[in-house]
Every structure is written in structure tokens, then in C-alpha cells.
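Shared chain: chain A. Partners: chain B in the first complex, chain C in the second.
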Partner chain A sequence: MAKQAPGVRIDGLTVVYKTPAGELPAVRDVSLELKPGTITGIVGESGSGKSTMALSLLNAVQPPGRIQHGSVEIDGLGDVAKFRGEELRKARGRHIGYVFQAAQNSLNPLKTVGKQLLDLGRSHGVEDLRALVREAKDLLGRMGLDGARVLDSHQHELSGGMRQRVGIMLALVLNAHLVVLDEPTTALDMITQSNILKIVREVHAERGLTTLVITHDIGVVAEVADRLAVMYGGRLVEQGPTREVLADPQHPYTRGLIRAIPRLVGDINEAQALPGRPPTLATVPKEGCVFRERCPLRMDVCDTVDPAAQAYGERIVACHAVDSAVKVPSREGEHA
Partner chain B sequence: MTVIARRLAGHLARGIVMILVVATISFFIVNNIPGDPVAARYEKLLEGGMSPEAALQATKVMYGFLPSGSMWDQYLAYMGGLFRFDLGISITRPGQPVTDVLAEAAKWTVLPVLIGTLLSFLVGVIFGVYAAIKRTSKLGDTLAISGSLLHGIPQYILAMLLVVIFSTLIPLLPPDSPVDILFEPGWNSGYLGSLAQHAVLPVATYALSAYGGWILAMKSSVVTVLGDDFILAAELRGMKRSIVFRYIARNAILPLFTILALSLGLLLGGAVFIEKIFNYPGLGLLLIDSINLRDYPLMGGAFLLITASVIVANIVADLFYTVIDPRVRGGEEAS
Partner chain C sequence: MITGKGITKTFKQRGSVLAGREVQALRGVDFEIPKGGAVSFIGESGCGKTTLGRIIAGLETYDGGEIGINGTLMSSLKQKQRQPYFRRIQMIHQDPYSALNPTRTIHQTLYAPLKLRAKQTGRDEKWIDERAAEVLSLVGLDPGSVLSRYPHQLSGGMRQRVVIARALTVDPEVLVADEAVSMIDVSLRLGILALLKDLRERLGVSVLFITHDVATSRYIGDDGEMYVIYRGQVVERGPVDTVIADPVHPYTQSLLSAIPVLHGLEEPGAQPVVPVEAMDGSQEAQGCLFASRCPFRQDRCETERPVLQVTEGAPQEHACFYPERRDVIARPMSGV
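Right after this comes the complex of A and B.
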């Protein structure tokens, strides 16, 4: 099984949520490849569909949502979008680790971390529970915690940063090599944030993982990710190597996003907020480009035709203005 | 363990103070209710032509005591007796100590109510979990509706309904009195069997009328826990269904223990209707009778017993939480 960094290919993924107005897409026709051994960052505002995307990797989109189209191929596992029941449960935890946002209480408040670790081991048929505990202590120690003490603690006895490290430990302790971190540093103070990011980077390298980091903080991605994907209104609008994308953003949304970051040096007014607000599930346009309402480069074609993702070397951008030839892409061709 | 011991000591001290305060209040209230059966008896004997001494003597013989001295002296005597578990002598049952009367009545209340409450708790909690998990299906709906329905029917109507169905229409079960008088009281199968048979309808009434509350409370508690992050987290870590189920149930049941403790505390006084309908000589009936007949010592004793049981139930609940909820264990002593 996948005991080395697996590659992941998300292809044509569409996730819809059932609402009184019918099924509306939160993620629409997203294709993304996670290369083995890389850290990919997905950046987007609240409601851009990035968390839904993260849950799709474990086929764990919560009702009333469901994966409508597309596949999530993971090396050594197959298309998890087709997994059901026990097969799916066994893939979670053992092959795919998921780390929750630090502010979320991802631990049972009534049980010690150690007991929950044992529950996890038993759930996955681990025979040598002692070895599992040893592994957990090693991991916690690796992250600068006193393993024995933490395993003997309840959630309310741990700080936010400690909980987050426990979350990372639980995601890795079964030797999963694909790890999804959903807002791993949100709600943590700056020092703890940078500690956690350092840990993520180091553990990623040491254990040979394929890592996906979901965040709204472009700084987090800049610090850890090899590749960066930008989400807007359920669409992936731009992706590419982190350095390239940050240095030379192509999509007008990526540009706006980077321009909106205040710098430590220089005039605070250099940071310019992106005008307007992101679309919600109900206000995402049904046709045309999802970003056109806020776009400085809006053209006529943007109102009617959804720009297809076009590869420019390592960079993939979905924008009519970038695709200066403004050829009308065929929807069929995109899936082929 | 020391935390629990410290808590227990604190609770006991507070509990005793509360009981003393309640005893004081009930003593003064009870003694200021208009109408005095001893005085009335004495007056009646006087009217009958007896000499005052003879009348006094006769009353004394009949009631075993005479209220004498100031209210303060009586209060001190009463409180003094309290420490020896002596609550005085019943007026309407001459010669019988209140404690004996209460103990006799408690026998007929505690067991049926306890069994009924625990049964309804068990069934209600289990069904509540299903009603919550299957809340979008027919089964869940049916369970929830059964809860609302039974919760809405007044206890005495439910009792009479059961009597009509199971004693009148289908004569399966005896409708009243706790036991057939044919049998010799004791540990023989005939007597115990008769006890059990007679207890079925009252216990069923308790259980059915309480069940609705449990299922509704458990359902809403489970729905809340289902929305908690750690349940999704457990699923995303690939925890077995049975383990996730245990996480849900254990977290959801916590708030229900408070309600259970409170209802167990109230069980000693809260069964008047059922005792009346099924003719069980329990504490509820005893309390009503003692009020009607102005039996002050009995009244005071019954009030005190109910108060004490509520206080004890609260202490037990709190200690229980200390054991089952680690967040309470670490917390500082409530003051």
C-alpha cells in the first residue's frame, strides 16, 4: 500500500450542496495534481470552497453536500470519490491524515488523548498498541511536547498550539503519507503559528509525505508550500510553483490578493483591498467567469463563457484576459 | 480521590445546613397553619362534660404527647429530636412515630418510582439516540412523535387509560392495591409474585409518562453533539462506527444525568396521582392525607424527607459528574 509519498490527481471535481434553491456547486470542475512528496497550498477567502475541496480528498463532504462529478485518484488507493463504507473508513486515518483547524475541538472532551489514540489504533486493527503509543510519544516529542504527559491529558488541559500538535500526531501516527491540513494555524498566535509551520515542514520532509495545506493566509502558503493553488467562487483560478505565482501573479484575482497584503516595510497604503466581496453559494454566477464582478480586466466574453484552465508552462490559469487570444474554449475539450 | 473527598465534605456541610434551614421553615409554617386537632379533641372532650384534668389526660393518652410550652421551646425540642432522627409522634395515627409511618409509606413509593424512572431513562435514552441519528427517516420521526405524545398526556389520564385497557377491557392485571391480602407477607413466591403483578401498571404509568421527556431531551442532546467538531474529526480519522457511537452517546448523556438526579430526588413526593389511582399507600398519599388531617408532625416529616432526598440527589449528581466528566474534576470547588 501507499507507504511512500503518494501522488494525487483530482480531476473535474464538482461538489454540490442541496439548498432550497436546488443543488448549488461549492466546488466546480476543479482539476489539481498533488505531486508525490510536495506541499501544495490552496488559498482562498471564506466560502471559496477550499474546505469542501479538502474534505473531498477523504470523500467526507458532509450532507447536504455531495460529490457530483469527478474523481480523486490517490496512488496505491484508487479513486476515493467512489469509496464507500468500510473501505472508505479504513482509508481515512491510515492512508490519509486530516488535521483540523486549531480552534476546532477535534478531540473527545471526555477521554484522554492516550485513550483516543488507543481507540484509533483499535479502529484500524493495530495489533501492537504499545508500539503505537511509542510512535505517538516519539511524534509528540519530535514536535517539542512531553509525550507521556500529553497522552495523559484531556483536551481542556492543552493549549491551542498543543492541541494542534496532537492533531498532527493523530493524523500521522498510523503512518499516513497523504496529509490534509485545514487552516492549521488559524486562531493561533504568531509564535505558535510559525512553530506549527516549521513542524509541518520538517515532518513533511522527514516522513516523506504529500501534503495539502488549506488556508486563507497567503503568508502561510508562502512559508511552506511548493505549489500554490488559488480558489475563488468554487473554481481554481490559478496554480503554479509558489515562488512564481507570488512573484508574477497572472490571474487578476491572485494579483488583487497579493496586493492586499500589508507589508512590514513601506507605506501601509500600498496595501490595497480588493473591491467588492466574494460570491456565496447562492450568488456564484451560473455562466461566465466567477470573478468578473470584481475584475479590472473584465471583457464581454467574461459574462457568457467560463474561462477554461490553460497551462502556460508550469502555470495553469483560468482567465480570458490572460489567454489573450480569447479563443472560446470548448467545454468538452476540457474534460477529455 | 482527594478532590472527590473535599467536594463531598463541602457538599455534606452545605446539605446539612440546608436541611436545618428547611426544617426550621417547615416547623414554623406547619405550626402556624390554622386548625389544631389536639386542641380540637380537647375542646370536644370538654364539651362532652369531662373535667379539664380528665380531658387533658384522655388527650394525652390518645396522642402520646401534648404540645406544651412556647413555640421556641417546641422548636428546640423538635430540632433536638431531629438529630436523633426523632420526628415526633403522628397525631392521626396515635402512638406511631412519624419516622415509622414515613418508612412504611416510602416502601410503597420508592421501589415502583425508582424502577419506573430508571426504566424510562434507559429506554428513552436509547430511543433518543436513534431518534436523533435517524431523524430524517420514518423511524426517527415515529420515535420523536411517540415521545411528544406521551410527554403531553397527563400522568393521571395515562394511569386511567392503562387501567381501562389492561384491567377492564382485557382483565390481565389488577387495577389497585399493592398486593393481594391472601398472601402472607414475606419472602415467599406467592407474596412477591402478587407484589410484582400489582406493580406492573403503576410502574408502567411512571415509565411511560417519563419516557417522553427522556427521549426528547436525549434526542436534542445527541443532535447537538453530532454537530460537534470532534465527531467529524473521529470519522475523518477512520474511527469505527461503534467507537464514534460511544463518543456521541457518552457526551450526549451528560446533561441528562442532572435531570435524572433531580427527578430521582423528587420521586419521594411526586407520585400523588398514581398512588391515588392505584391505591398505593405511598408517600404522596401520606402527604396529602397529613395535610387534610392537620397532622403537623407527619406533614413536617414528609416535607423534610422530600427536601433531604432532593439535596442528597444533588450531592450524588455532583459527585457523579466529578467521576464522569474530567472537565468538572479539574475545576475548582464550587462555592
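Right after this comes the complex of A and C.
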């Protein structure tokens, strides 16, 4: 199969976790399209379901969690939500590269990076291991590291930024063209973060990838992503082209989140924390809008009806207030 | 008021490979934390900012220099006599998940230090309960609902507030906040920062804020001093807003250039500074410590080390032979 950047269509995805209180959804009825060759950023706070959502791309949600509904169609692979066993293991690594959250701690401390690379190659039946090592050295060199030295190192000999680059190398070395990066720069300082983001952008363009970045930091998405998707309480509340969403956010949560970012210049008092706190698996409302407890635009309908995701051109928003403002422009003032 | 003069600290590496190698964590740092003031230390990981914070909190020894607390020099006291001084300097750690004992309720967590305090000042049990409720109210928590709970029943933001409340039980003069908001959800970060600012204003507590996220240090007070630390040396210091808006040291400029730009809302600075290579603490430099990474270095920088000096026509001090103001930070786009 000629490899090129695949498109991904997530449709109506619901992932539930089994708890003493029954099965609770961590991700609920989420639809998202990753266009071939683009970088999409998913932003959300802890408990928003963003990591669970990313794991679904690998069909790697661990028990007590499971994909309850929906499909994850990847070009050239099919619906990975239906994959099992060997089929799934082969798709991972070969087609989908995953850079895990805290990549700094996801390496084996007892083995050199080179040994781990060979393990990866063998488990995926790579015949020419020399070529694999060559490819790994190329990739590491491309990211500004001395490939031979890094492959000879144990993880404790590498800095946080270097380990993160090793994680990216391991995700790409089997020539995957769909790459998921979960919190790629958390716990790195600003200069290292900026280097890693530059590498992500460049490698994405050079190798022709479809990339998904999961983060709690809007700044990271603003730097790398073409499209931005905002998750809250397991729901995708807004998505659209990054610049447009940042310049003109529609969902009240997106607006609040952007207003809560500490800025370098301007009036300190303009930045404000969102009142209340994000819901957890147990406190997410079972019906109605998930954001209503913290929402300045709350209406009666929000208590009972979960707003559906509506498309307005390139933008998709799930909010009753936006809904009525667009459909009935004359009533806009009532909710403002 | 806490003052430091010429603080030095050297760590000896242990283990088989690196044994005996020395790392100079601090190279003669002067600082001053005024009563009720706000001071922030910024820099990359490994720059020495956390070590300095720990020394100030009495948790780490130092090799040379002098620390004075309200005019008393610590070198004139025996170890035991220093304790009451350092007790009034309380540390707030980065991770509110590991800073609280999971087997104790919040009441038990606050009770232990308050009991000691009550014994010292001859107060009774009733005072302990009142004071526990009081410190929780000070940090914006409802004592009635929080006291009987365990840490796992609270969100990250609430836990960090409990950690601050515990620090307040000993009537501290200084709170040392080491990356105190970097693990808190974005929408709640400003709430914690506002709390620290509020404690300064209401109780006259000084705040020492240690972070790599420059923007957050504006939010503990605009009257603050900022120290930019690089490999154990202060390379620029001055009023927070001056250092951020008009930095003159290339290292400060590269830190500020690395901060993500919110494209769509902000425009990047016109003269971003990117270090030519990564930080390598293992190479001792004869001249300027930043020279090997500095895009503007000249011959003199390789042989002579600049010291902190007054900047002509500006309120900050800098340690650079060729200081120059550059336009590095992102600014809001006009019309947004």
C-alpha cells in the first residue's frame, strides 16, 4: 500500500468506564474529522475526556473502559473500533504512531534506546533491522540529536526534551502516517517546548502526516494546529480553524478558557478564572448541557436538553445560546 | 525582609560514571524579598531557581554567602536557633496531589501544625478549630464542607488551596511557591494566582514565585521584582513589567520569544531571539555562561564574564556586555 497521510473520521464515539455507580461516559457522542495532512489540536482540562478520545484512535481504551458506540474510520485501515487482537497490534506502530503523555517516563529504564528500538522492530516483523536503525538515526539527527549517542543511552542519561524527541522517533520510525501526541510538552520548560513544537511542525510537513495533538494548553495548539477542537465534560463543544476560534470563540466555555490565559501584556484584570470547577466522571450531568453550571448564558433549556453540535460554515458549536443567536438574530440581546 | 548576599551552592554528582563531577547550581546570587513584596525567579529547568527557593525556605544548605532574616544573619546562629526563623518561610510545592497525606482528612492535616502553634502560644482546643476554619476561609474554601474530607475527594485546585491553608497555619512571613500553578487546570490557575495576590494584600505575606511560565508571574502583583536566572547566575533583574516588555539580556529575550503566540489574537514580536543550541550545563565557560548559545556573542564574551550592573536609562539590572532592547513578546492584534 502506498503510504500517505490518511484521513480519520470519528463518528458518534461514546466511551464508558465501569464504576460502582454504573457505566459512566468519559467521551459522549463525539464526532470529529481529521483531514489528511492536517494538524488538529484537542484542548481540554483534566477529566474532559481528551486522552480517552485519543486512545480510542488506537482502540486502546483499557478496561474498565470500553468503546460503547461509534466508529473510528481510518483511510486504508477501516473502522479500528472493530479491530481485535493481532489486527490491532499490527495497526499500532505501523499505521498509527502514538507519543504518550509523560514520554519522559515511558521508556524502559533498564534498556538502551537502541535495544528498545530493536524490540519494536522485531515485534513488528521488520526484516531489515539495520535499515530501521539507520532510519532512527536519521530521524534523531533531523531533530537535532546525535543519533548514535542517543541509541546507546539509557533514559536517565537523556534530558526531558531529548526523551520527548526519542518518543517522537519511536512513533515515526515504522513509517506511521497518522501520529497522536498526548501532552507533548507538559513538564518541559518554555525553550524546550518551543523546540519540540517546531520539530512537530517540520516533521509533520516533511513526512506528510496527519497529526493529532492533545493538550491542556491552548498556546501549544495555537502554535502548531490548523484546526482546534475544545472538549469539556466528555463533549466536543466547539471546533474550527485555530485562528478563527481564537479570534472569535463562540462557545461560552471556549471564551472563558481563552480569557483565563495569563498574558504578557495588557491589563492584568482582563484575565479571569472561570467560576466553578470542571466536572469529573461522577459529576458530569446526565442530561442537559455539561457546561451549564459554569455558564454565564445559561437558559432553562440547558437544564434538560443536551445541545447538538451544529455546523456554521467551518465552525461546529454545541450550545443553545449560540444556536438561538444564529437562528433568530433579533433575539440575540436577550442571552448576552 | 529576607536578604541574600553571594549565595553559592555546588552539587557533587554521585554514581559510577559521573562521580566527583561538580555542578555549580548557584554562583554568588544576591536577592532581597521585601516584607509583603512579590519576587519571581524565572529560568529553564536546571537553572538553579528551585535550589535557591529551597535554600530560602531552609530546606537546603548553601556553601557560601549570607542569608539575613529581618536583620538577623543566619550564620550567627546555631542550626537549632535558625528553626524559628525558617518556620515563617513556607514552601508550596508544584504537585498538590503528593503534598497532602492521603490518609488524613483536611481537619487532621491542619490540626497537627495548629496544635503545635497552640502549645507555643498557650491557646486551647477551641482556638485550633476556629483557626482551622479561618485559614480555610482565607483561601476561599468552605470549612463546613472541606474539613471532614480526604484529599482524593478534592479537585487539584482545591488541594492546592488546602496546601496554602496549611502553610498559613504558622503565620508565615513568606510563601515560596515553586511552580505552584503548573499542575492546576487552566481555567482555575488564575484563581490560585489571585489568591496569592490577595494574601499579600490582606495579610502582608511576601510571595516568592518560582516558575518557567513568565506570564503567570505578573498575576501575583504588578509591583513585583523579577529575577532571570541562568546556570546559577542572575542575568537580569528588575520590575516585572519592565523585564517582560523591555528585556535587554539575550537570555531573557530567548525565554520570552519561546512563549507560544495565540495566533488570531496576538502578533509575534518583530525580533524573536532563538538560542543557537540547547543548554549544556556540563561545559564550564570561562567567559559569559550564555555565550555558547547567544546569537549576538562577540570575542569578549568568550573570555570575560559580565556581572550584574545598572542599565542606562532603564530601571533593571543586567549581566551582559552588549545589552540591547529587542521587541520579542507577542502583543494583542489591533482591533481584537
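Criterion: the second predicted complex is superposed on the first by the 319 of 336 C-alpha atoms of A that agree within 3 Å, B and C clash if a C-alpha of one lies under 4 Å from a C-alpha of the other, contacts with A are read in each partner's own complex, and residues count from 1 in each chain.
Convention: a contact is a pair of C-beta atoms (placed from the backbone, for glycine too) under 8 Å apart; a residue touches a chain by one contact, two chains touch by 3 or more.
Predicted, not measured: the structure shown is a model, and the values here were computed from it.
Once the two complexes are overlaid on the shared chain, A:Tyr98 sits against chain B while remaining clear of chain C. After overlaying the two complexes on the shared chain, residue contacts for A:Ala282 are found with neither chain B nor chain C. In the superposed model, A:Leu120 lies in contact with chain B only, and not with chain C. Look at A:Val245: by the touch rule set out above, it reaches chain C but stays clear of chain B.
In the superposed model, A:Ala21 makes contact with neither chain B nor chain C.
Note on chain A: of its two partners chain C and chain B, the one contacting more of its residues is C. Those residues of chain A lying in contact with chain C across their complex are 45-46, 144, 159-161, 188-195, 197, 216-220, 222-223, 242-247, 256-258, 260-266, 268, 271-274, 277-278, 280.
Note for the complex: chain A touches chain B at residues 58, 60, 62, 89-94, 98, 100, 104-112, 119-120, 122-124, 154, 156-157, 167, 170-171.
Those residues of chain B that touch chain A in the complex are listed here as 228-230, 232-241, 243, 247, 250-251, 254, 324-327, 330. Per the touch definition, chain C reaches chain A in the complex via residues 44-45, 155-158, 185-191, 193-194, 212-216, 218-219, 222, 244-245, 254-265, 275, 278-279, 329-333, 336.
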